[in-house]
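I'd like to ask you about the structure that follows.
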Amino acid sequence: MRDDPTTREEDWERRTELPLFYASLLFIAGYAVRVLASRSEHLWRDAAGIVVLLTWLCFIGDYAVRLVLSGDRPLRFVRRHWLDSLIVLLPTLRPLRMVKVHDAVQARRERPRRGLYQRVITYAGLSAVLLGFSGALGVYHHEHRDPRSSIRTFWDAVWWVCETLTTVGYGDVAPVTPAGRVIAIGLMVCGLALLGAVTGSFSSWLIQVFRREDEEEPPGNRGSPGAP
Amino acid sequence: MRDDPTTREEDWERRTELPLFYASLLFIAGYAVRVLASRSEHLWRDAAGIVVLLTWLCFIGDYAVRLVLSGDRPLRFVRRHWLDSLIVLLPTLRPLRMVKVHDAVQARRERPRRGLYQRVITYAGLSAVLLGFSGALGVYHHEHRDPRSSIRTFWDAVWWVCETLTTVGYGDVAPVTPAGRVIAIGLMVCGLALLGAVTGSFSSWLIQVFRREDEEEPPGNRGSPGAP
Amino acid sequence: MRDDPTTREEDWERRTELPLFYASLLFIAGYAVRVLASRSEHLWRDAAGIVVLLTWLCFIGDYAVRLVLSGDRPLRFVRRHWLDSLIVLLPTLRPLRMVKVHDAVQARRERPRRGLYQRVITYAGLSAVLLGFSGALGVYHHEHRDPRSSIRTFWDAVWWVCETLTTVGYGDVAPVTPAGRVIAIGLMVCGLALLGAVTGSFSSWLIQVFRREDEEEPPGNRGSPGAP
Amino acid sequence: MRDDPTTREEDWERRTELPLFYASLLFIAGYAVRVLASRSEHLWRDAAGIVVLLTWLCFIGDYAVRLVLSGDRPLRFVRRHWLDSLIVLLPTLRPLRMVKVHDAVQARRERPRRGLYQRVITYAGLSAVLLGFSGALGVYHHEHRDPRSSIRTFWDAVWWVCETLTTVGYGDVAPVTPAGRVIAIGLMVCGLALLGAVTGSFSSWLIQVFRREDEEEPPGNRGSPGAP
């Protein structure tokens, strides 16, 4: 039933997904060096700037190729792939494509897979970590020179991201600039959904483990099996 | 079994639901202009006031028609439709009727529907956004002239709504007037339930996507299918 | 299989549950008057004190009768009914017995029941409101005379309870006395579990509503039914 | 199908799990005395230090024995048992092994088990309490001498842990030292997942209780059974 022929668009997507994922790691690393390097380290800052530009060009090229392969009119393509369009504008959001990356990784491996909940936890958790790191970079970038801001070092920004994504929100550090707050709002909304998936899957996994024990034990090492 | 004949009340409800939803958007827009326009912009403020009044009259008229069509005694009708009665008094709560709007929208379209979880996310998320916008307007309206308040601009109020609905709650901005706090309490309770539905549905959707891949892959592009 | 004969203990419990629930409302009302009445209103304070004492005696009497009826040794009874033992010491926790009250209410009614999730929402929500009100009273009682405290009026305490139970936690008001913090910890733990049940049930109910629509519509008012 | 023979590694694990759990309680108690004893109480501090060292040696010994019994190369063993490797370095994380402890406890008892959700609540809740207590000790240890810190007493640290694990986060007390914040981040991530499991299981349990009543009542004490 389900053997719809793999279209050229899907084929391209499958082949490029993993390289582009590594490119997005490179993008985030380049952005990190660009933001965190002190003003005097010209060489590092320039190299990082070039890495960011090159990887961004890769993403734009990939988007263009897929637009052509799909055969759609541009507007329709943008509407159908709104998440991808957003990611081309803001490549730090690329971790949100985790499900596709997961698919590409699985297709290459021959190893038996891990359990369903463990994979959801791994991928949603990894996406949340990458998004959180990008968010910390962005907020630090916009906040650390503002005199009213309480986010003075990158470590402050990381601490802020952790207390935000877990929704603890002490308020000892919080963004005050409009750009910082916009990043914060995006981070809260995406991060909450991802961490909700992590928590929910962990809960389901734990219940599954306890339930499995119930089923395994009766024929096990006890002489008197309890009621099923 | 389930083919109970559509009563006149249900028929009226189905026909008016979508126009009234647009009216509620108009109401919120009018209220926004009324609250946000500076004191000197008399023309805008007056126009907005008229829009608010007219849309409110529509809601009251709709409520009256449904009361008559139902054939119930007024008190019983109020008790049975307590949410609608509340909405007539406070039309900014209208987004809470999303399920009915969804029903009305679906009945008109012929397109195949999207998945269950995606619809819950869309409708609960949209309701939360509309409620949050109304809440930001209300809190700004009551707070921005109070000398103790930390909510000075509408942007402060929007930032406050975002950190409240995600339950982060830094506390850098928080309502201090009684009216602002009452709105805040209502927003917390409704918003939490709605966002809990969004998070929960996203989690379920993600697990569903990962599970579906498991089922699809065996006959797929790998030569050696793993254990099912 | 499940028709175990109703023991005398269960019979007693079923008959007394509802009167004791009203007694617990009376207890909370009495405690509220006692705490909130100003120092000069001797008459009200004395009357409230008597109501509190009398209802407390009812709870102790009920506990004693059940201890005798059960035929257990006291220590075993305390361990088996640890929640009830805690409630006798701290009658403001009585709303936690909601499930039993629900049982008693249902046994008396002949009306068709509401849906499962709606009942869970109603009972968990009601318990959370009652616990929150008791918590606000207790925290106000211990905090409002402490010079360091930010909880000066009962309305401050109510606002604090709302931002605590929803886990927003701005921190504009927070308990500082040891007694206030102990009450706060108890409230957080119980309230979170109850509100988690409310949110989870609301989410499940919403998904159920959307799913039911899917099933109902095909034979409905559309000529071209979609794929099931 | 599932009767794979118990290997020597599993046998060792089953036998040592419970003693090692008690050893971990001893470890936490020793660490508590070490941290909380005032500087002048040399005797207590020294005794506690010895207890901590001895129990830690037990954990290292157990890890070594299991490494040998498994027959794996060290690197592979570390990767496969990454949680255990982490626990050897940081024995306060030992409560995270709760599922194994639960298994060991159940294997010894003959009593009928409690319900699934109750066990998940008990074990996840207990783990959260133990982790929280360790976290409070660690944060107090690193914060209470820092002049900027708001955590001055152990009671402050306990209050901080409670408002952190419930994600309320007033911000009246919050860690400021790097070490304190690292502990806080670890606590937030682990604690949230555990408490999410507690809340989720409580919600499922409540729904189960209400559903069971529905099924039990029809043949029960009412003459006129309602619709099923």
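When the chains are written out, they are named A, B, C and D in that same order, and each has its own residue count from 1.
Assume a contact is a pair of C-beta atoms (placed from the backbone, for glycine too) under 8 Å apart; a residue touches a chain by one contact, two chains touch by 3 or more.
Source: prediction; values computed, not measured.
By residue number, the contact pairs of A-B overlap by more than half with those of exactly one pair in B-D, A-D or A-C, and this pair is A-D. Annotation: the chain B:chain C pair of sequence copies touches via predominantly different residues, less than half of the used numbers being shared. Taking the mean of the C-alpha atoms as each chain's centre, chain B and chain D sit 40 Å apart. One inter-chain figure worth recording: chain C and chain D are separated by 29 Å, centre to centre, where each centre is the mean of the chain's CA atoms.
In chain A, the positions touching at least two other chains are 167-171, 200, 204.
On the side of chain A, the complex with chain C involves touching residues 167-171.
Chain C contributes residues 2-3, 6, 99, 102-103, 106-107, 110, 112-113, 116-117, 119-120, 123-124, 164, 167-171, 174, 176, 178, 181, 184-185, 188-189, 192-193, 196-197, 200-201, 204 to its touches with chain D in the complex.
Note for the complex: chain B touches chain A at residues 155, 159, 162-163, 166-172, 195, 198-200, 202-204, 206-207, 209-211, 213-214, 216-217, 219, 221-222, 224, 226-227.
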